[in-house]
């Protein structure tokens, strides 16, 4: 019994010790945390050009965040290894926003006030990007959103650019493809209920109305849903011949699999959300064959810049890049191009980006930016043929690819 | 259409019931709402995929998932839940389980990477089409496995010593201790079995969706709470029936109304309405309410 | 502390002004309770007159505590009703019954462990004085509540332990703490649920003296006790309950020698053995 | 400079939420794991009032408090019928339902959220990060004073007694239901206050800002700090509020550390840093000689 008692008392001591250590550990973190922030201030700024970057590298969307960061890092390393920009090395000041708007705001403040970056690329979703944009606008530091599509982002101000076309443009292009290429007669819609899905459906409906294409009332599903047999059974009975599916890879792959499971004879039409080999193609498997998507990455492109990017990414990270990575890469690519042409101060970069004309990037030829800095570039259309995205078409009609500026 | 939705509903319900049973095994004994149980769901999927890639056999994958999860369940019970469990302060074990769930999820991301792994297992059953109603291979597997597991659980709970020990301890821990039931063994059994059930559900879902990713446990972890409470906490039969109810509800709401209400909000709405009418849940399991 | 009329405000020392009539302060009228199939109480009928110390006795499982809980409002009777000063109270929630002047103690003591004795009693004192919603927010009346609480503690000989956390008291003191909380409700009926269970011999004596002193202030007491010796010493009337039925009532000597009661306690075929 | 102001405001909002939850869960012991619902209701009430009806920040503060207090009262009424585990799940349910309503109902901007919320004006001065930091920490000061006052008032004693033993308190003639509902109303109103400040600070809100893991963070702050101890909850709020910033340099392991802290604290000191009977609190009590009850 005595042993047990001594052990008990010993255990109490251990408990106290652990708590003391934990508290001190937290205190120590506090101090080092502050010190490390101050630390990078002291680095010599002579030769490095700092570009800010934030993406959801942990948390629920870690896959997209990591893919965006990998592409940005790839381009920075490529540029630095080839001597940087007229002698100056590039530094990517990267932060993880965990897809949390509150953290995006403090990251934006830190980038603008403490880290002294000259430009920022957002590799995050619409939420954090919208929260950070006003801060960059106020600080007169140009920010380019890699793949966020919310229409409010470019409307924040003249220092904020949108690298992937707005949901309305992509939706309209999809309607055009459905009408011309897939000669759809009765289109069902199965869309994710968030800003991504809403803007795409809006664009699709507007264009379909112009083309006189019959479109059913949209069915909405939510982020994280995995069961689609109920709603697809409903679509099966609705006699639709094409189903427009604005969704992300996780939900999209389940929709495609259930379409096959239910023996639904329907042509699925997807969007850039599904443009990912690891997250979508591998999961959907052979059921994805025949799927047509509107996106901005043409993997079949004969353009050297596209081939180099796909090869370099696969060599460095072991798997194919996806649209999120390609768009973020282009965002940085446009910034670097602006620095080369126009100089490395925030204003020079802003003007350089705005002045970009017919610039061949990974996600197609960037014809330019409209009055509120939305990108104008053709919409790529890809089709899945035995497990690989293949060129299907390209929408270049200005009436469609020029985004609304109201 | 109605029959197809019925099949869809029951399949969804069967999947929910496996995780719900996992939770019930744990709650029945310790009155702890173990959110980390959904961690076992994801752990099962990862072990399953790991097992499958090496052996290409589904049974081995299932075994790997079950053993791994049961072991983790036992460790959690011994190291965290038993010392932390305070009947008069239920928030403490609940927060501990939330912490464990966060740790597990991030560990999966760190170890297996944030990307989605595929689980291309060939299923024992092929697609069935009976008169317009389509039952896919994976749906059949889920239904079959769930049926087998319900039977197995019924047998274990009613026919084995440890199973009866569980039932006794679930009703009254002090009296069962007094009557010589080795509650430590029953605790280990409850957590082991509970986590194993969730692991099997995880593997079945992974095969059904051909996808394993670190955050696949998010939705189930909280939806199951609604289901388990709906079924009357600690009552295995109640958990199964409640799972079927929610599965059918989702199938018919999803199919007919085409609503955009998130499914977990749907489950919670059903729960709140029912709790207001019957504070002890649908299938009472004793004086849980005032 | 002085109240508005200048008289020192303290506990009622004199008997309440109504004359000690034979009017029943508590009437239990045909109360029946079913728990699922089990009938815990069936058709229990009795009265407690003002100024009495009434003992509710019977073998374990006779339904004493169930009856006690019906009077306190914890259970609602399946049939019949309970009247207090002529008004039916069986439907009221527990706190309304308590507010009417029925105070109770618990068989298993229920202190608030981390709060000091003074605070434990203050909670009860406040309930009575600050019934209106907004006053509990002010700290202005707290002094008045504190003084009433100190008085009650002093009355029960717990003044010394005022600032000790209740969790550190022994059972004897805890029982007295519950009594202190009870009298702060200015009750006219005190319900005691096995108050001396688990107490040592001299503690029982002390407790009985305390109950008697409280009774002298005009309190009517209803006592649940399975130990007939204590009941006999304290009560002037006994009610005997067996399997949910009232089988006898009257003066302790007469009731305890009644063969029906003995049979209930000791079972059928035993010869006359003195009840312990 | 702005960075510190933004950080101060964010932490201020977190502390406000932790203090408001402390009244429900810390003082009265009612488990509430859906507190972000009241945070959201306050934010959306302020956003809708501001964008649709042109109500100023100061007006919106009142509206936000009233709106979340009303729902808080409703949940309080529900809490009376339910015991611990059932109540905990129902609060989680409320959180999911409230987020679903904000996400699907067009009046609340649906999935696009509500943008264009004008920053507050005070005598022509439009609020920037500095003003927001001041406002949020003034509010924190007020709520701390309110919490201490409530703890000192008889109301506080009643709540703490209810936390430990409802049956005993009810037997003393206290209407336990009313005090539980009151606690929910006060806690919800203060969370609505934080919601209004958040809406105007961010200038746009969407339903995902008030999701379930926000509730988990708030509850962890209260439990880590020490339930029932105002100072402890304040400390818990600050520590976990700045944690994402401080732990940024181990960014890849932040969630791991956050989850780990929760498990460790629950395992070794469930009453939190300064809660009832925690190791640190006894040291303070011994140092100051006075018995530190309540505070």
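When the chains are written out, they are named A, B, C and D in that same order, and each has its own residue count from 1.
Basically, a contact is a pair of C-beta atoms (placed from the backbone, for glycine too) under 8 Å apart; a residue touches a chain by one contact, two chains touch by 3 or more.
Computed from a predicted structure; not experimentally measured.
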{"item": "Between chain A and chain C, the fewest steps along chains that touch one another", "value": "2"}
{"item": "Remotest chain, chain B as reference, centres from CA atoms", "value": "C"}
{"item": "Centre-most chain [mean C-alpha coordinates]", "value": "D"}
{"item": "Chain centre separation (chain B, chain D; CA means) in Å", "value": "31"}
{"item": "Separation of chain B from chain C, taking each centre as the mean of its C-alpha atoms, in whole Å", "value": "49"}
{"item": "Per-residue overlap in chain A, given as positions that touch at least 2 other chains", "value": "58-59, 193, 220, 222"}
{"item": "Residues of chain D engaged with two or more neighbouring chains", "value": "103-104, 252, 255, 261"}
{"item": "Contacts with 2+ other chains: residues of chain B", "value": "106, 260, 262"}
{"item": "Chain contact topology (line, ring, star, complete or other)", "value": "other"}
{"item": "Touching pairs - complete list by chain label", "value": "A-B, A-D, B-D, C-D"}
{"item": "Contacting residues of chain A [partner chain B, same complex]", "value": "58-60, 62-63, 65-66, 193, 217, 219-227, 229-231, 233-234, 237, 249-250, 253-254, 257, 261-263, 278-279, 282-285, 319"}
{"item": "Residues on chain A engaged by chain D in the complex (per definition of touch)", "value": "15-16, 18-19, 22-23, 26, 29-30, 32-34, 36, 57-59, 95-96, 98, 100-103, 105-106, 109-110, 112-114, 127, 130-131, 134, 150, 152, 193-195, 197-198, 220, 222"}
{"item": "Chain D residues within the chain B interface of the complex", "value": "25, 31, 33, 78, 81-86, 88-90, 92-94, 96-97, 99-100, 103-104, 212, 216, 219-220, 223, 227, 252-253, 255-256, 258-263, 266-267, 270"}
{"item": "Contact footprint of chain C on chain D as seen in their complex", "value": "149-150, 152-155, 157-158, 160-161, 164-165, 167-178, 182, 276-277, 291, 293"}
{"item": "Contact set on chain D toward chain A in their complex", "value": "1-3, 5-7, 10, 103-104, 110-113, 115, 129, 202-204, 206, 208-209, 239, 242, 244-249, 251-252, 254-255, 261, 264-265, 268-269, 273, 279-280"}
